[in-house]
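Letters A, B, C, D, E, F, G, H, I and J name the chains as they come in the text, with residue numbers starting at 1 for each one.
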Amino acid sequence: MLYCVQMDITVPHDFPADRFAALKAAEKETSQALQRAGKWPHIWRVAGRYANISIFDVADHDELHAILAALPLFPFMAISVTPLARHPSAIG
Amino acid sequence: MLYCVQMDITVPHDFPADRFAALKAAEKETSQALQRAGKWPHIWRVAGRYANISIFDVADHDELHAILAALPLFPFMAISVTPLARHPSAIG
Amino acid sequence: MLYCVQMDITVPHDFPADRFAALKAAEKETSQALQRAGKWPHIWRVAGRYANISIFDVADHDELHAILAALPLFPFMAISVTPLARHPSAIG
Amino acid sequence: MLYCVQMDITVPHDFPADRFAALKAAEKETSQALQRAGKWPHIWRVAGRYANISIFDVADHDELHAILAALPLFPFMAISVTPLARHPSAIG
Amino acid sequence: MLYCVQMDITVPHDFPADRFAALKAAEKETSQALQRAGKWPHIWRVAGRYANISIFDVADHDELHAILAALPLFPFMAISVTPLARHPSAIG
Amino acid sequence: MLYCVQMDITVPHDFPADRFAALKAAEKETSQALQRAGKWPHIWRVAGRYANISIFDVADHDELHAILAALPLFPFMAISVTPLARHPSAIG
Amino acid sequence: MLYCVQMDITVPHDFPADRFAALKAAEKETSQALQRAGKWPHIWRVAGRYANISIFDVADHDELHAILAALPLFPFMAISVTPLARHPSAIG
Amino acid sequence: MLYCVQMDITVPHDFPADRFAALKAAEKETSQALQRAGKWPHIWRVAGRYANISIFDVADHDELHAILAALPLFPFMAISVTPLARHPSAIG
Amino acid sequence: MLYCVQMDITVPHDFPADRFAALKAAEKETSQALQRAGKWPHIWRVAGRYANISIFDVADHDELHAILAALPLFPFMAISVTPLARHPSAIG
Amino acid sequence: MLYCVQMDITVPHDFPADRFAALKAAEKETSQALQRAGKWPHIWRVAGRYANISIFDVADHDELHAILAALPLFPFMAISVTPLARHPSAIG
């Protein structure tokens, strides 16, 4: 099942820079593991903003939530989730 | 260059049904030709709404606009466009 | 899989009353068939508005979309869909 | 009387983690007691967000407010309340 | 039980003036009957707009919805409903 | 002259609890004095939120502002003011 | 008593042009009579839009509403009203 | 004096196509005359929408309003105006 | 040239009270000097909120920006600016 | 390729003034270097606000993002990006 997920990240100015850098590194590692596992087939940067638009391919809502809530940067994210169905004009 | 495009379609209740059906058929044909040409690599239905989320892969803003403005259902669409850059965590 | 769906209905004042009554009757029939089939376990009226909040229990996004898009009053509805996961505090 | 209540939780990044964990544990206990008492018949997680959609079944507005305002996480919640009436198409 | 209800009325310019006048007269009669019955204790005009802010005092959500949905001008109204609880600072 | 005033209160999590308790007690005292004086004829709790909907009956805009700006919790409030005129359907 | 009033005018494209011209002429006459009477001390055009920002000086909310609701273009206006109090920094 | 102006155009589906084509041709002519006169130094298409972002260079608010209100497509436009000052980092 | 400017002021609860008092006194002095100079012909309090609606009469956008950005409370303000043109119905 | 970019800057009141001054000086230097390189052909101040509207002329979305994300004040900015296509009425 596919979901379009947009994540907007806000870093409080008084959050320690080194702790954030560590979270960011962990986030990258988690994201790439999920990409390699086929759970997170697309991730794009929203040009000009600290945000991404992603496609997730998971078994169900519970798996989606478990993945997103476990992201190291989850506490700094505003997230919107859009469930995607097959489009009747899609080919292939 | 990639763009995320969301199209929300509204059909006025007093628009002739047969004319709309013709436009819809033309829309499907246009969309599939663009998909086959690699310009419109993804199109998903937003579950529960007469709307889609699509990814376009075109040369530049002018080509994107030319494609969207020529869609048969363009006059019935509310469109939002998000330019997508490469994400530093993306693999492959 | 569960979804919370809110449907807000707007009837254009110049839509023929008898045609709308027929659509409304068909809507009720469809809704009750889906309730009996266990696909639409809850439907509540939003007090004071021509709108409902519903819970759907379906196999996936495609089935949800197929059901909603086939509702007789779908062309008159503004719909929002929220995918629901299991809550860690839920009992039973 | 039924109410649909959505609660969105925001945790300030500088709030002590152990105090929040204690509040969260208390919240779970309170929620489950209310569920067992039949006051809070449904609680679902909004997939991808620190939020829930719940149904409350209480005597009146005063009881609803008393319950919500006493939740341990109430100070961290943005809450919206929708009163639910019986839907004419509901079966059973 | 008390509810604060705001009703904003929009009249389509092509709706027949005499039919609207008849609905408006019926609305006034209905409103005054409900006021006399103690169901609609307050109705105020929002200064400068075709809108009112009202307080309803009814048994439950179902009665509120039945009353509002039966108003002659209901099809022309955008309605928002706020359930009101007793305030701890209220006297008398 | 009547005004409908909605006050939404937000307490910063790092504001000293005892100072807030003192302000809250002072707020209650001020509110009840104004109620007894007939300036603040109605105050209701918005069910489920730290907010109230109130009716003020004062001489003019200046008196309204003087009263609201002097409330002990004013610095924590988001306030909206709606001037109320007599409704042509109001009885009594 | 002073009020800041913003009026945004929308003309339906299928409204007869001559009838609108007549309403517009009547509106101008009404506005100028009220200006001369000192009730409408300021009216400015919002640059680039069919809208105005005005200051009204009237006895109370009822008089404001009576004036606005009687404007010939009232049915085409979206109106927002802001009650203005004396500012402590104002001179003269 | 510079202004950033965004114009979003909506064409009602039941507006005669030939009349709109005539207005559009007139709009183009007007726009190009203003561009040649140096009043409208920039006009860009918002990619994917029937909208433009423009820069106007005129004497004052009155001239801006006169120009915009006289555009053949003005009745179909939603317009937002942003006054632009010199930026302290601008070179040249 | 006239501008309608709305300023909404937010004071962070942890900003030192004496420093804010000093800024406020400086703001009043600046405002009154500009009023006496004819640059700031009107300033009104938005009843019930820490906000004002003002009219500025300055040479151009640059002067407006210079004035507003130099206000002692500018860092605490959310500001909206509306350029005002002469209204065709204005008398005198 | 052209982009219209609006940047709104918010400075937290408890951010050290000298550090912000340093970032601001660096921002100016960066901006002017990009202007001289032809990447940032226009930058205007939004009159009355700590914000700018800019035009960028870069190779693609990736270059735009790289430039914006590297701005010294980027962490304090809310940014919106609008891709600009050639307008059919543009001359020259």
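FYI, contacts are C-beta pairs under 8 Å (C-beta built on N, C-alpha and C of every residue); 3 or more make two chains touch, one makes a residue touch a chain.
Keep in mind that what you see is a predicted model, and the values were worked out from it rather than measured.
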| item | value |
| --- | --- |
| Contact-graph distance - origin subunit B, target subunit F | 3 |
| Reference subunit D; chain at largest CA-centroid distance | H |
| Repeated interface matching B-C, over half of the contact pairs identical, chosen among H-I, D-F or H-J | D-F |
| Residue-number overlap at the subunit H/subunit I interface, same or different (half cut) | same |
| Separation of subunit D from subunit E, taking each centre as the mean of its C-alpha atoms, in whole Å | 29 |
| Centroid distance [mean C-alpha coordinates] between subunit D and subunit C, Å | 23 |
| Cα-centroid distance, subunit F relative to subunit H, in whole angstrom | 45 |
| Subunit H: positions in contact with at least two other chains | 2-3, 14, 45, 47-48, 61-62, 64-65, 81, 83-86 |
| Chain-to-chain touches, reported pairwise for every pair that qualifies | A-B, A-C, A-D, A-J, B-C, B-H, B-J, C-D, C-E, D-E, D-F, E-F, E-G, F-G, F-I, G-H, G-I, H-I, H-J, I-J |
| Residues of subunit F defined as touching subunit E within the complex | 2, 4, 27-28, 31-32, 35-36, 42-48, 52-53, 55, 82-92 |
| Parts of subunit I lying in touch with subunit H, wherever the complex brings them together | 1-3, 60-62, 64-65, 81, 83-86 |
| Interface residues, subunit F side, partner subunit I - complex | 3, 5, 12, 14-15, 61-62, 64-65, 68-69, 75-76, 79-81 |
| Complex interface listing, subunit E residues touching subunit G | 11, 13-14, 45, 47-50 |
